[in-house]
Amino acid sequence: MNLSVEIGKIRMKNPVMTASGTFGSGQELSDLVDLNKLGAIVVKGTALKPWKGNPYPRTAETPAGMLNAIGLQNDGVDDFIEKKLPFLRNFDTPVIVNVVGQNVEDYAEVAKRLDVAEGVSGIEINISCPNVKEGCMAFGTTAKGTAEVVSAVRAATSLTVITKLSPNVTDVVEMAQAAVDAGTDALSLINTLLGTAIDPWKRKFKLANITGGLSGPAVKPVALRMVWQVAQAVDVPIIGMGGIVNGLDAVEFLLAGADAVAVGTGTFVNPAATVAVAEGIADYMEKMSVDDVRELTGGVGS
Amino acid sequence: MIQTKRIIADCEIIEQIEVAPHIFRSVLVEPTIAKTAKPGQFVNVRVCDCYDPLLRRPFSVHAVNPEKGTFSLLYDVIGRGTKILRDMHVGDKVSVVGPLGSSFDLGDDPNAHHMLVAGGCGAAPIHFLSDALCHKHGCGNVTVLVGAKTGTAILCQSEFVAHGVNVEVATDDGSFGFNGLVTELLDNCLKSTLNLGVNTRVYSCGPMPMMREVARVCRVHGVDSCQVSLESTMACGLGVCMGCVTKACDHHDESCEDWRYSRVCTDGPVFDAKELVWE
Amino acid sequence: MNLSVEIGKIRMKNPVMTASGTFGSGQELSDLVDLNKLGAIVVKGTALKPWKGNPYPRTAETPAGMLNAIGLQNDGVDDFIEKKLPFLRNFDTPVIVNVVGQNVEDYAEVAKRLDVAEGVSGIEINISCPNVKEGCMAFGTTAKGTAEVVSAVRAATSLTVITKLSPNVTDVVEMAQAAVDAGTDALSLINTLLGTAIDPWKRKFKLANITGGLSGPAVKPVALRMVWQVAQAVDVPIIGMGGIVNGLDAVEFLLAGADAVAVGTGTFVNPAATVAVAEGIADYMEKMSVDDVRELTGGVGS
Amino acid sequence: MIQTKRIIADCEIIEQIEVAPHIFRSVLVEPTIAKTAKPGQFVNVRVCDCYDPLLRRPFSVHAVNPEKGTFSLLYDVIGRGTKILRDMHVGDKVSVVGPLGSSFDLGDDPNAHHMLVAGGCGAAPIHFLSDALCHKHGCGNVTVLVGAKTGTAILCQSEFVAHGVNVEVATDDGSFGFNGLVTELLDNCLKSTLNLGVNTRVYSCGPMPMMREVARVCRVHGVDSCQVSLESTMACGLGVCMGCVTKACDHHDESCEDWRYSRVCTDGPVFDAKELVWE
């Protein structure tokens, strides 16, 4: 049975990756998850310089989902390369770094530094973080902004470039097309849906940042729809995510047109969800006697 | 970085008791956690096999029984998750991740006096801690100060007495023990012990305002070792989401300019009071 | 304690209305719900001529939500006025008709006929139905389309005009502004989020229409965020909806800036949810000693 | 329009039994439903006090006991909702809405013969119906044909025998009773009764393909009264969402051009086979 897939130049032993920001930089969960069993490790959003992140409270539970407004707290790309990357070199699992920036130059510079760092296979451009005031989100909601960032990163690195799309748009296909035209090797979607929650007794927003990003099973129907729409329109590989907790969730995304999937909030529900999802896909393939996972991609009928 | 090996396990519930009004104790079977958990650590419990509620609920390890391979939780039923946990039947299983987070440092000075301050459900980890201190240093050197709004809400008093430690009680309404805040009790006790020149170590768990006051009192009295166990809203409990943060300081100067957000779930929940930025 | 609110010229005894399409034309639930206890009854989408609706399956359950692709099956405005409206006249609860059309003229014509029908207090313009190919949805995703339909309806009736906004847009405030500028008396939001679901075993979409509208508690964080954003930007009354099942849910919407709320999918969970929500709001006001529900509107702090 | 007054009630579960592999019977307390429910009607059950699963689950009324004020459900554990229902403990309560939908017309001809066709869990309402027909017309005029994939999946056979009606069984694998489809049994039975010129009424509940065949066989034999109980995915179960529709025809001509979408939850679940568009 073949579970391996290719995203740009990245070869993964199975289609399951970690969703950025929900798996730290990999080491934090290495005692509960065998990193060698993952298709790829996508580390959390990394900027040129350290970011302190947003004030607390940063998360709130919602029905079948959660809101987060972490604000991309991170120690910067140099710290990542020096302190986090060496540990990841011990595993034969590709490492993809999620990159954030306040302006186009930042994105490009971070990409340049990762390009020469041994042990990084790809860059995921995060132009859809809803919790950061400057830049970022802004880029992801216009075709022009998307194209700018993607072209800059594309020019700065020969690594596989993945563009992560925001669901907070009228027409996700337009953004996908813009990213492809600007040279992205692959697309990943969805990032979180902008939302909020209020504590009626305290009469206050539950997040210090007021709004945050909605994730988890609650958003799966929206994510699945967008993956399907984008898969109809573009030819680059697609990494589907949004509410995946088990193997069947992942199969839904593959059938909708995804070539690979990522597990985010699912890891909070079950710390070993990523591996469970990979096993669940193999399970499904066995039951349905499918011997190549790539046969599933886009295999949904109406 | 990770002190104890964490595991994911389906644990059978073998006991469910209401120990005080809407305060319940659940005893779970999990030999590894029973053996390896340290005082101050917690477990993350998935209360239903569904997506609502979605996230796990963190609870301090309240007691362990390594022989029987069991451990217990002591919790206040305040919302949906704790309600579901309370309504579970003996024999039901729940998914547990743990033991998680940092633990209390028990110290090595055989002559030190240990002063434990518990507020409300903060008694949960303090109970486990008092037990451990008794075993390591002898109960004579341990004093537990238990505070609550009213007498019926005072938790674990009989258990502490059973341990053989010195127990003092404070209630806001004076219905039981000292009439006032448990932190006032602490203030008095510290005066006496410190006057006797005894090396005194303070440990605390309870509502944020209480712990802030504990930290202040310790600062005032120049107590060198003051450990507090914090709570925060957690998404992962694993150290990956950065959701549970509190402001921390590497050096120990009061007005910490270069503070950073530190994770309560993995860098804590037990912190040295001096390393936190108290606002 | 005052629970009554005003939406345009419509005076409601409490701020709780039924969400269009989830309460039929009122009579269907009159044995389980005392229609006199409702703030207003919003009947299902009504067109100029009868619509057959979409093929079955039309609904699918999702985590804390559901998808629907009913396709606005309805018997047309004349049938409504003749057969459904008379029953509703027996109650002293304002009736609001949700209007759909395939082109601007249709909307205007339906509005004209309702304008002269005794017993109709308001018109809710549905330019956000994601399950109908022609017109409808299309209007709601551009400021221009929104303005066109609203102006036409505004010109056709002196009844209170409510414009229902689609959440499937990059900037909901832009649509809200366009509707206000075109003369709407009030705004209601959100309609459903476009989504889909797949049956991995059958390898088929769960809805015959492929995509459908997501509703229920799952969407509440998104709805709440949009209500808050719109309330910051416009001065007309706002009817908030999206995942409201109990009184506290409703209070969250009021605090975010809504003047009234609507209960949709909540009625499927609890057939008497609408009344329960009204009672829940009163309950909350008593506990918090608020004596006018209008004090809650926009009362959230950060 | 609404035949029976519907109610919303929290019902206590007083019995939980596995009557066949993964087939369970739950007995609930609800005097009003026990008194007013008619054969073919269903109830809509909320299996958890949470939002996942969100929607209620529809189940036919399987039996009623007006004296005791109880009614029962017979269900196949196929997914999350039925799993949760199965795992509930005696004494737990579930929210129920009902009785809902249309019911079987039992007819008034004392000499008519009643032929009931049950496939799989379709036996649930057929059991209630057979009981009612016995009381109204006498069991001698009632024949129940029960079909399933295999013998262990044949439901309610002993109950039907207890009623005193004629029972015939068919299994796809021939492990019990007639080796073949229950609809073939129907075909044979109809031949004989009709030859005897007996006014024969057919009632059916089971998988869609089975009921389609039942309808066809009845058409072929010119059976005038053929009632089927349909299933469909329901959101509200109340007649307001228009989600549960099936194609129906007002007049009875085969190729219905002017069909409309009719609601299974309120216009049905029991329909006259002639009023449906069978595709």
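Residue numbering begins at 1 within each chain, and the chains themselves are lettered A, B, C and D in the order written.
Everything that follows uses one rule, which is that contacts are C-beta pairs under 8 Å (C-beta built on N, C-alpha and C of every residue); 3 or more make two chains touch, one makes a residue touch a chain.
Just so it is clear, the structure is predicted and the values come from calculations on it, not from any experiment.
Here A-B and A-D were compared by C-beta pairs in contact; the pair with more is A-B. Mean C-alpha position of chain C lies 36 Å from that of chain D. Each chain gets one centre point, the mean of its Cα atoms, and the points for chain B and chain C are 48 Å apart.
The multi-chain contact residues of chain A, meaning those touching 2 or more other chains, are 62-65, 216-218.
Counting only residues that touch two or more partner chains, chain B has 51-53.
If each chain is drawn as a node and touching chains are joined, the picture has every node linked to every other.
If you check the complex, the residues on chain B that touch chain A are 1-2, 5-8, 46, 51-56, 95, 97, 232-246, 260-261, 266.
Residues 62-65, 67, 141, 168-170, 193-198, 200-201, 203-205, 208, 210-211, 214, 216-222, 224-225, 228, 243, 248, 251-252, 255-256, 284, 288, 299-302 of chain A are the ones that touch chain C when the two sit in their complex. Within the complex formed with chain C, the residues of chain B that make contact are 51-52. Interface residues of chain A facing chain D in the complex, by the touch rule stated above, are 63-64, 217. Listing the residues of chain B that touch chain D in their complex gives 48, 50-53, 80, 89.
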